[in-house]
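Each structure below appears as structure tokens.
In the two assemblies presented below, chain A is common to both, partnered first by chain B and then by chain C.
Showing the complex of A and B:
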């Protein structure tokens, strides 16, 4: 292990620049943007899960004084909608003559004020012809099911083929070698990201160019999608991503609000604003798809896992991933590969994922996309295999786990010709530190053996997730030093809460050896900033941070070169620190950076890029999550007493921010484990829990203190040794709690959220000896 | 939101005068925690809101002037008391412990700070079918969606009249456990009825299916709590998914009065499982005259849910509420 280098700024606990503004309410969100002459816009939504629109009567709404525009499928451009609609099967338009889930947008109204707006929306009458629905993914995957889409119900699948698959070795032989075969069914509900700020957008059209302010994680994708659907060139559209009040992955793709206000602004010539209610955010945001996983796994008595076979059926809703193809392609492809990368020493794997179109709301990316959909099944399976042979769950995992320098199979699954070596794997450290913190030796030798109705147990789960180095993703930065000595980093990365701009300033300050106060940033504006794919796949500090370092290095090299010319010194004799050019031999300042910029004609510019596919190595993140619980077997209540999350962060560029990401991620994982999840009416397909009250996001009274452990062993894939770590803290929480519940009670609770009804049902089921499994 | 007029009443008489319109046209507002979102969702569309926050007669907590046979004086609580005031009041905490405990478990601190006793008792049901706009009994239709839908959180396990959503109040079961009475002002004079008659389950009043029996021109002014016998102990146990801001999946208010180790009087009232605060006299009868044992507590708990007819999705509520009753009885008898 190399000694970590000493840094002045990187690794310091620098207070996030926006912390005070967010805490005091001074921070500006989309809802705070108001322009002169602005119209308000509201969407009319479908009460049917699947219906053809026979007619829309808008005359009464249009006749209302103060109504400026009414848009239906007859008024919108006949162009596909989405960041890259040609690449997907979806074929979504802004509005169409068919609705496919309860809450889908049918029409929009623009009016002078909110009272007129509501009245106008009430006056729009839609005649629907209800059509047969698909509400259950497993039934929808059958050939005899009602086919909802021209491409069938199974997303991205040829007839009879799964949406994604991972096959290696020979499972039949593996099962023949097994001493014990475990079969279980694990279920997880669809779950919403519940950002505190619902979606919103403001648009302004000046006759030539459209400017859109939107609460989004991906301003460049929004720009491209808006240009395509509105018939504009990309440079006619400017998107400014306002600081999002939470994104959590569900604001990572173009949702309709920006296109609707853009269309209103272009048609009326007036600025237009939309702001979703909480109900609309729930209905027409998007969810992580719910899944049922049929798992069959074999293990030998001496602890070798011989085969894993999984069949997964997921609820895509009708429109996958807000039309960016995130679900259609990436989720099924990644979920069966990603998680099995963690245990790449398991020789025989046969996993098929069927992501199925239904008449439920959209499913798409959600924090830790591609892992969160699958890991609950595999981490429960590991516990159940360990208990079947009396092995230590940590040891069984480590025996099959990925190691430093292994090849990253995910790249082949994603269509890249070559694999790359995986950088440092600190998974063993995560488990060791987690075991130490929780007191692993205190777990019950015999699950469920404690007396009394309230039983205590300890459990754990491993985790793997992308740590920023996704090959298809790109970030660019531009550093400008001006003739007054100002230093500004332009980057396209919006802030969804990870306070990346502070981290980037630390990187620039470190690289230029300048105080952070001398550095400013501009971000998330498609006119002012170079391209950045945005805060997805744990890439902020990793991708944009790398690009910021490279941009700064480029500016530095340019400054040295200019200074050498200006001062008539060899480049090798000069160094930069504290805004000055120094002669290294005598440690004497020769000129300021401002003077060099003036010499250059005004500015010194450096550009830097991170391009995933061109990087020589692949970085994975790892975590070990440990839970201690008390289970009340008479009420089904679970009291989570402790949650320890040890994360392989490579190096924490700002431990304050990293710990915040871990705490937030663990809280979100706790929500998915304990209460969150979408409840759809089994008859109509309508979403029943649309409000904070019924979405059951955890409160401070529910959360135990999160014990975040930073494992800092460096990472050669990043200039400062960092790994992306904003998503991985979420994914191990639910299986760790479930496994702790098993350790406490001896009962397998195989469905999340583990609400009292499910816990009591599992207790009753085990009492009657029923097995949750089924041969796939 | 449909425009409405607000009338600020200064006295009960002014309030009654303002309320005296056709059914559904005027609504009383105090804390507004139940009413305002129903207006926003267009579930109710009043022409007039009668704001009673300024009516001093409705505020305060005091002993009644008239005594009672057993020598104690009843406590009279104004309907404007906030839930926070109830939760913190030393007299209530000492003598009517379950009431103070129940008030402390309502919703969130912010809601308790403005939500009132009267509003908590007269609130309508929270059911996710109603909120999502389903045309149920409460919303112009002729069906209760909980019956064939998902009743896991909001469905009663005891059959009610038409709407099967459980009564949402935490405070009501605790008040019923103390034989509380409701004081009601109306244009025809004042009257006093047992709280159980104010909250009889879903009831048609002037053609409207309501969670309470008040007519549209009546006002709940005070709640009267008889003085409990000397050695009286009580508690309220609430079970829910979240530790705050969540309605009860099941709840139990239990009051036991003792003479030495013998239970002299008992009230067992269930919350979250019926369309009204569900008193279980058969369970109470098992306890009276007995020393409390674990077996007796379990028997009483089982008795309390006799006759339950849960839906497939909420049968677990029966197990949960039995456990709450058993534990509450044992806690009161033996501590802990």
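Showing the complex of A and C:
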């Protein structure tokens, strides 16, 4: 696609549909729902990282006036959450007689008001028998370690086997061909996404059906899980998740809080509400797993990367944190396969990922699942290979990068027989535009050559991530045109901040050739909307947008067919625009869509689906991130002066929103790079920084302005040429800053977050000639 | 329980509250004024920001009884005669609200700034909003929105109209 078509609505900076309500206080989130007669619910949590429960004493809590219910493992159904617990090695119950991390739920109380609730929770006494723990992933992967699970500690791995691997070519031959071999160790902490609305749920039981309002990204997965764990049929459960105060992947965990309030509502017949504190959100949400990567890579003097060998050990926590239970499958696979798709011209790769069960809080998806766990290591490696042979880091990347029309190897790794061609790869454009914006020629030719204690440098990183295109994911939409002229798109997608409802209205308006004001949407209500997997894998505009287009096309075809019958005209003579059926030859309006809907008996309905595995092509997103920093080598402080992020968005359906998603993603990447990360007590396993300020998310005083560049080269995998782009801006930031620090100082800071103490330690280490690497 | 009389958005509200309840508890759980959010419960994030006598405060660490006798403004009182104020319009147009959870607090803090200074520099805006954290936007579009609202207010003042 070279010449972008002209559209009336798609590509315009349309004001977000929910923006006014968000700025007046009228936008209602789960936490804002208060129902008459509602009980408040609170969870009692484990102080132990691993223990068996000997007894729970609840009598004193039950005796307190105003307490309506107390639930422990003895009071909950003996049923598992999740569609396929055996296949995914998961098997969570609402409560059980064993705890596996500090903060795990062991009981719940329901009471008339918050003070009684607090007192009742304090009166629950639990007798624990502490058990041996695993707190270090590398130690936990060894066969002699305490085994936490019947399947062992390495998630998905058979004895001695990794959780995921990517082997191609022959690394031994590759290393033999190398002129230079670089060995380094790169480390990243576990990171919480910190959505600002802590999770919560409200439940109402009418004797037959359960309605749950929940702050989740995946209402349909939650409905299915609730039905399974509560022993209800799926059509007995309605989940409404219209608006969420942030998600970022953190709100697609099983979220048993919905099941807890559901049980309370079913037992008491009264509505029940739970709303986590920040501490609970941190502990019982989930984190991106932290990793240590042992990397060994070889390169020839003329710039050919001959071999890459990586061993990665990650902290899974005990429970995987995704509704589909697929954390243990998806994260290791995407780390070593997806990320190496970016440099698919590297012939010899041997990468093993060990995702190890520990007694820490759950690990799961956080913005760019799989990529964010691995790309820091690979993008640092690319920099270090380039500097080892004196090559330009951008040129070294482009020489090995994926190209338009290459086959998507990820599909074979996922068990599909065939690959598919990759749609347009605008990675070279991302790098060229990023270089131009940052002033790439200003970088130090010799890293660390600047004089004085404050040293300036420029660095970059590439990135690849799924852009909505994933074979297992599905989105459906239904467009209804009624006899009063109303046009409504039903879709299962919560608004977690990406304002997808706006983008969907733009797509429907464009396709129907109607003003946007004529179109309404209803979203994320499992009774009212068709299935959607939700805002995951950058699929909103991509998957749900495609389904919305197809639903509108189907409604149009149905309307034309009905109008042809009603008006006694051939279908080919009719067209739709502005809510009317037109006779094309004379440009004459013959009937309104409302009249056609009335002729049809009340409504015209069109349905559309996106099914990843059935699509003919595969879409990847790409980005180039560039940073300019000043490093104070006396204090270890890094001042990030500029951040440029050029993203291959295909086509921006609403540039205001796309820019905002890029800026926000970069800000979260900045947090990961500079200060965020979970700290666990090495003796007890307890989380040490569960409160807000200690999570170190950036403030207005920390964050530089982000320069977002939209690369719009189209994408034949989407009806309007879009690529999903909300996740990828995060992942290149940390390596770009790290590489800029290297350019400034000549020092490798191989651990994020790059706090001043780590920077100073790296400076001291390199002064003594020590190397962070180890043979994998 | 004690009966409190609170001045909120230029109206008097009566609310039954315990001594240990915060202003945030009373706004959200008693008066159903849920536009004011909470995110951390200890003054660490700013999502609960309201104005007391024109100055931004954290409602989650302010006891409700201590709000008696003061003029409280919340997000529900920012619109005038149903019209959006320039700051609300600018937040909407610039996509300065993504998930929207911090937006009421950001608008309250911005309102306090713009009441004092309709020509703030970027640094002054960053200072004024530094007590409210946003996870979605990276702050760029929020700062643009405050600048845009300030411009609109100055233009209206030059014409002699009410901002």
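In this text, the second predicted complex is superposed on the first by the 766 of 776 C-alpha atoms of A that agree within 3 Å, B and C clash if a C-alpha of one lies under 4 Å from a C-alpha of the other, contacts with A are read in each partner's own complex, and residues count from 1 in each chain.
Basically, a residue touches a chain if its C-beta (ideal position, glycine included) is under 8 Å from a C-beta of that chain, and two chains touch if they have at least 3 such contacts.
In this text the structure is predicted, and so the values were computed from the model without any measurement.
The superposed arrangement places chain B and chain C next to each other on chain A without a clash. By the touch criterion stated above, A:315 is placed in contact with neither chain B nor chain C. Look at A:693: by the touch rule set out above, it reaches both chain B and chain C. By the touch criterion defined above, A:373 lies against neither chain B nor chain C after alignment on the C-alpha atoms of chain A.
Contact with neither chain B nor chain C is seen for A:92 once the two complexes are overlaid on the shared chain.
Within the superposed three-chain model, A:496 lies in touch with chain C and out of touch with chain B [touch as defined at top].
Look at A:20: by the touch rule set out above, it reaches chain C but stays clear of chain B.
Contact with neither chain B nor chain C is seen for A:352 once the two complexes are overlaid on the shared chain. A count of residues in chain A touched by chain B and by chain C gives the higher number to C.
Of the two partner chains placed around the shared chain by superposition, chain B is the only one that A:682 touches, whereas chain C remains out of contact. Look at A:34: by the touch rule set out above, it reaches chain C but stays clear of chain B. This overlay, made by fitting chain A, leaves chain B and chain C with a least C-alpha separation of 5 Å.
In the superposition on chain A, the residues of chain A contacted by chain B and by chain C overlap at 115, 691-693, 698-701. Residues 15-16, 18-29, 31-32, 34, 114-115, 193-198, 243-248, 277-278, 495-499, 656-657, 659-661, 663-664, 666-668, 670, 691-693, 697-701, 703, 705-706 of chain A are the ones that touch chain C when the two sit in their complex.
If you check the complex, the residues on chain C that touch chain A are 18, 20, 25, 28-29, 32-37, 39-42, 44-45, 47, 74-76, 78-79, 84, 88, 91-95, 97-104, 107, 125-127, 129-130, 133-143.
Interface of chain A with chain B (complex): residues 47, 115, 118, 453, 632, 634-637, 674-675, 679, 681-684, 686-694, 696, 698-702, 755-757, 760-761.
Interface residues of chain B, counted against chain A in their complex, comprise 1, 126, 128-129, 131-134, 145, 148-150, 152-153, 239, 241-247, 249, 313-314, 316, 319-320, 323-324.
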